[in-house]
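Two complexes follow with subunit A in common, the first pairing it with subunit B and the second with subunit C.
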Partner chain A sequence: MSTGGWAGKIIRVNLTSGKISSEDTSKYQDFIGGMGIGYKVLFDEVPAGTKPYDEANKIVVGTGPLCGSGVPMSSRTNITSLYPGTDMNLVTDSHMGGNFAAFLKYAGWDAIIIEGASSKPVWLRIEDDKVSLEDASSVWGTGIYNTTAVIGSKMGKESCVAAIGQAGENLVNLSVIMNGSSHSAGGHGAVFGSKKLKAIGVIGTGSVKIGKDKKELMDLDAYVMKEIVGANNQHVVPSTPQPWSEFVYENSRWTAREGLTWGASEGNIDTGIAAPGDVNKVGYRTMKAIKDLGPVAAKYTVRMGGCQSCPIRCHAQMNIPQLEQYGVSPYAANTCMGWFSPAGVMFKGTKDQKEEGDGNMITRALGSQLADDYGVWCNYGSIGRDFAYAYESGIIKKVLPEEEYNSIPWNLLEAGDPAFLKEFYRRVTFKEGEFSHLGDGTYHIAKRWNFGADYFDTKKYSMWSPLGFPKHHASDESYQVGAIINCMFNRDAQSHSHQNFISSGLPVDVLKKIAEKLWGSGDAIDPPANYTPMNEYKAKFAKYGVIRNCLHDSLTLCNWMWPLTASPLKERDYMGDTSLESKYFSVVTGIDTTEEELDLMGERVFTLHRALTVKEMGTTDMRGKHDLMVNWVFDIDPDKKPFTEGTIKMDRDDMQLALTMFYKEMGWDEKTGAPTRATLEKLNMKDVADELAKLGLLPA
Partner chain B sequence: MSETQLILRGAISLSNNEKKGFLDKETTRREFLKLSGKGIGGTFISLSLLNLLGCTNTNVEEVAAFPLAQGVLIADRARCTGCLRCETNCSLVNDGKAMPYISRIKVSRNYNFGTDGPKLAYAYEDGAFGNKLMSPETCRQCAEPYCGKACPVGAISTNEIGARVVDEAKCVGCGTCTKACPWTMPTVDPETMKSTKCVNCGTCAANCPTGALRIVPWEEVKYAMRKLGYKA
Partner chain C sequence: MSKEKVNDEILQENLEFTAKYIRENSYNGKFIKYDDFFTEPISLKEEEKEIFFEKLFSNEEYSDISELKGKENRYFYSKKEMNENYAKLLYRIEEKDILNMVADRIRTDSKRYPKTTNSNVFLNEPYNLKKDELAELYKQLSNLDDYKDIKQSVASNGVVCVYSDKFLSQGYADALTELQEVTRIESQ
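On to the complex of A and B.
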């Protein structure tokens, strides 16, 4: 039994009856927490065929035993529910970093199970063990920023608030739940909205207990901070030549260098030479504003920021006075796609205002500000690509009523004026007209507006699955390994375990040596755009990637940093430490757990996801109906052959072999890719096997 | 010497130039008031009483078996990125659990809206929802400690190295220290009913990922204050 980590209690709130009760977490201990709890609740309690906005849908806001313990990179909240992005009513996860997960643990809770639907707008108030539903009418109809401020003034400044904006209230499919000023979880905002749940506010004055001696925890931290941790995405090589590294990798997120400053900080703080081993400089390694907003952004950067417990700080915090001319605050914060997707909406480009590159920066920051307050999601950038295709193909002009079409300021879009974004996000948020269906998500809009097959078949639009979600580190970057992983979920994969290692900055021969130690052979690694046929080592690498992804979403740990597969230290042959999750788990929970044992728990969680998908789709034919890839994956570069230098082109038969080998690794039926009874029982999920058997959904 | 001890030692081996550069940031009255008191009508920290070297908290000695150079813990808010690792490290080292509520450095309570909480114009005030500046609050180790003077059982005293420390054997958990402190720094641990306050162990500073925290020896503080024209 554990002596630390878990809080031991889960809140269950029924919004129909208003009943709030407490449950024991130990029922879910085999699934760890977070994603594991989410899938178990959905499998057991939400019947197949339930739709995302039905009262019968449930939404699980989960943390894990490591949240709040101080383990580095451990405050992610995993939100599990049905996903409105397709019409197949499949389970997905969304994730938000920030402080929420840790604060929920300090309040004494591991997760919140939300069921039913309220007839009036409410918010959930959690102050340690005092949990109540409050009237949200004063904030319903307002944005996330205002909601956070109002709840902060009701609960106390120290509260952490997770909220939806007007987009979620209006049941826009592409909506978020956000905590803090930039940490948003995409895809489930409207599930909250359908339940009239506006926000969750948390204050916690309790503690997370450590099962073993805290000295062991501090020693692990010292080891990680000095020898293992890199920069954002666990990149371990600097982006410019540095005295401490024999390698350079231009795309690396380890951007710190002399002369690169937080330009809007008091004292113009220099990121400097942030060498490995210098514990007090880890937070300077990832100066990400210049990567996300362009080199011009350095002088507008107040600081870097991010989630509780994380030393990496990958969210740029900006002061851009030009934003005020658009009626929004000059202070904006975000990371990665939160900045990129508005630039995708302004697909004609952006016009510079006073200096080179500021048009791009202002566009991204304005879009971020608008989307984060309205609570609009981008579907990992697809919203902009859906729009670009519809506009450029003439579809928009055809499907919009003439009056509506003429009311939209297309001249702003054409001129690269970011003021267009105000129209875009407002229309999507408030469901104004036919245009606003861009907020439905690719699957729906492609049907509604009759997109041609070329939308899915052209790589530029980044679609991955005919089920309607885009690629996220797939075959384009990581050959069969990325391709397999991208087929596995019901939205974009959000899995970085494999890609972080491949893009860590280490040369291919170094990667191959590490791969040999971890997965049996350097053949698990292909150089960029110079791929080779499938082999068993790639299957093992893919399994590692997806298992760790699910493990981290259950523990929880940040999937943009963990696993720490590589290290920045030459003395270690750049080898990271893949046993760290299990070491931290053992110290924090007090339950001695080996790396293999913890991975098996991750495998259990991922296999449950697969079983749930089988149940929701009503078929075992995962290979034929679910693990699908669009045509550009195989048909790109028509004058080139797969597995030759200079192309990312894959081969259809080879990919089917890849799936077969992966199914074998997972102990799934090799023909269909569905979990077998033997595997489910081996993973202690006999109840899941029995339920699938009842429904005729176990493979023959 | 363990890794942890090495890290703690590293935090205070700053060159004199680095320490002075750190203090030169105290350039405005507002910054100074953070040091000596906000709106308390001219109370200055009297340095004559303080002679600082190490700490006597027995928990900390397990990880730092040698005295550390002491002074006052100062936060450079421009460098604070709100990671909150100082809070969990403080409570892990001093109390054996992760509990920001009793952390002796206070950052998370000001995270969204600064020390004064949400205002109508929150977008322009301190905090994540405003100007993005964090407000890390540190114990001033006051010469005339409000907490110590208010404690009805005399549980707070100055030890031989100058830190104001709570004697847990005497503490009755009444919370008077919390109310007396103008900055609400001491916190009664609801799990033990004992007050917790900063003892200058240096754990937070040693492990801050951006070096935003320094324990600056009192002589250096005195030097900086005099340079800026204050009585010290």
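On to the complex of A and C.
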């Protein structure tokens, strides 16, 4: 192995036999880490046809060489396994921030490969090179908060605990693994549960070696902090007019301004004018509580928190005394969907209690507490939309037994009383009755309750794929680029590379100038809701988006921030620095790697994902069987034509051309979208090509 | 040292101090007004003002210091520390030119981005209009010839945005409003 970055060792734990062994990470170095290790393990070791809760399924909890090294925004843990949320048993990833990744590296490990299944509840204890399975019977049946507290008290305050709640234990498909009480990875909690693995606790006293001169790393950090980094989602324009900025964009996450305070902090800290270049104020830029919970939330905000190594601080940490009336702690922390999805469950709206907007805030905070403690996942908001559709269409009244239906306090939902959430999350978590099947995932519930085609074909319900997962920065926001990216994975895409740039707050003409430098032409960018037909530059942009996403989930870096495509500095013409990943990789690992070389490694990881999907689906026909889009994408705005001003409507033929152009960029078969032998071998995956050939799964 | 030389040095010190003071205030989003020169901390003397301003605007070291002339006031700021768009906005606020303050933002958003403007942005910093003031202002805009291009667009969730039909058609504005106020918020 190289001289820096990687710890060099991977834990393999067999829960059936209890055997714990150590492996050399170098076997996976071509795949970097995180997601790359996960896909390689699943391709090599999990037979096609395995189901998520089968003993033969494996789950890989991975970090990368940059975790714990001092690179900004680098403490993401990537979790790879089969996904129970659709019926296809395909590989997916979930990710969590917090401290876990860095702490695992400090303990001297790059990843944990978990296989088999325990006959009784256990938790995995990692203290540097001492790794053991411990009895989890005292915490089995309890929530994530209690589990974290109990294991944390056993291991000490320098530990980090990643746990599942009762939802994962009860094999609720939509469940999470969470560390640090608010950093959750959605979709694989029940895989842990099926293996009776309650938690992983880690404490590390080591450090991450830097391959080159540490000063080079510090210089890169200084450069990033001064010139490149923006606010959350790499937004580079403020949300209110600021003296330092040429532009203003009210939806930006750069919310800092005079008079906007962390209102529940000691000293009522004012976020102030957090201008670029003022490195000590980067952490004030994103006062996200007001974006996620409404303006009223400012006075309940203790501080903005977040992950190890991240200056952005996007987790609002709240003290909301009103939560205590519902029997939960007043202290709640979360970001983005963690706050939004309970509001989706309370689709009838919320009633204010004492002041304007507090109903919405209390609802979101209560829902966040409940979901996070039980360990319920929202399927990127779909759980609320599934519920709303079933309720409003009358389906739920038809499918629930009368006694069960009458036992549910619908009056609370109708009145906008967040106490309804206690019923909702409890029933889902403990699989109480027919109602609880809302925790199965959209594909399953739509089939079970016989949802109409309108559920998938109406944009309001945000479905993307007929395979059963929702959109995530798709054609509605980013034309063919978003559409392609949303077709590529086996769950919602979780890819922010393209959208962060488009939504950075810069006007279209500025975006086009940057796009020209990066992808050959400003035609890679369409103005919002005024799209144009597909072209090769959009294909390059889409490839950049996907490859960088996979790179980040392997290195690991936070894809909510990276890549740093734009900059807040006018004197840079707002141009970010897309070579930073490779610069950091070179300094930390000690292996000189150009931007193109690192991108090729990302390409390898993503192509392996594709090969694995082909293998798991048993078909090369990715175009016809996998890269599918629901009808609203093409049928929305029936009075308008595609590629006219004022519509996000796409054209079916044009989208097929878009896929073809993307397949070509990736070196996949242009007819089917399956990886070819030539490309697999070019990417040093002859073994993968041979395996697919054996199964008759290479394109002709 | 001669009296002249001492005076020159004092003038130079005052210029440097003043430039630094203007720049700091510009960084914090504030103009220095003409009258401010004659009070603490600058404390310019009346008899020195001619030479002072002549030096301030001719010396290369202070080339970032700019002036905007209002109806009754003069506003000084640093172009290096305060962007010209912000300076223009601040000028409108100081001059109480509220109609143009609002129209400028709406038209720039519509033309440059393109996007519509959430109608409530003017309740926030640095506009700080009250709800009833803003409501009255929108009424005024719709009745004045010079601002007849300012129109409304409503998202499916009821959020109201405004735009200029000099740059956006109603249909396009509606699509942009829906994207900004509904779609982009669905995806977190």
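What we mean here is this: the second predicted complex is superposed on the first by the 699 of 700 C-alpha atoms of A that agree within 3 Å, B and C clash if a C-alpha of one lies under 4 Å from a C-alpha of the other, contacts with A are read in each partner's own complex, and residues count from 1 in each chain.
Definition applied: contacts are C-beta pairs under 8 Å (C-beta built on N, C-alpha and C of every residue); 3 or more make two chains touch, one makes a residue touch a chain.
All figures in this text were calculated on a predicted structure; none of them were measured in a lab.
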So, after the overlay on subunit A, do subunit B and subunit C clash or fit? They fit
Classify the contacts of A:A539 with the two partner chains as first (subunit B alone), second (subunit C alone), both, or neither.
neither
Taking the superposition on A as described, I'd like to know which of subunit B and subunit C A:I648 touches: first, second, both or neither.
second
State whether A:K471 touches subunit B only (first), subunit C only (second), both chains, or neither.
second
Specify the partner with more touching residues on subunit A, choosing between subunit B and subunit C.
B
Which holds for A:K226: it touches subunit B only (first), subunit C only (second), both, or neither?
first
Under the stated touch criterion, which partner chain does A:Q308 make contact with: subunit B (first), subunit C (second), both, or neither?
first
Quick test of understanding: once the structures are aligned on A, what is the angle at the Cα centre of subunit A formed with subunit B and subunit C, as a multiple of 10 degrees?
70
Can you give the closest approach of subunit B to subunit C, taken over C-alpha atoms and in whole Å, for the superposition?
13
In their shared complex, at which residues does subunit C touch subunit A?
26-29, 81-86, 89, 105, 112-115, 117-118, 121, 124-126, 169, 171-172, 174-176, 178-180, 183-184, 186-188
Which bits of subunit A are touching subunit C when the two form their complex?
240-251, 257-260, 273, 275, 292, 336-337, 340, 381, 462, 471-473, 476-477, 499, 503, 507-509, 527-530, 570, 645-648
What residues on subunit B touch subunit A, complex-wise?
2-4, 6-7, 10-11, 25, 62-63, 78-85, 88-89, 91-93, 95-101, 108-114, 116-118, 122-124, 128-133, 190-191, 206-211
List the residues on subunit A that touch subunit B in their complex, please.
68-70, 72, 99, 102-103, 106, 145, 148-150, 152-153, 156-161, 180-182, 204-210, 214-215, 217-219, 221-223, 225-226, 262, 265-267, 269, 279-284, 302-313, 317-319, 329, 331, 333
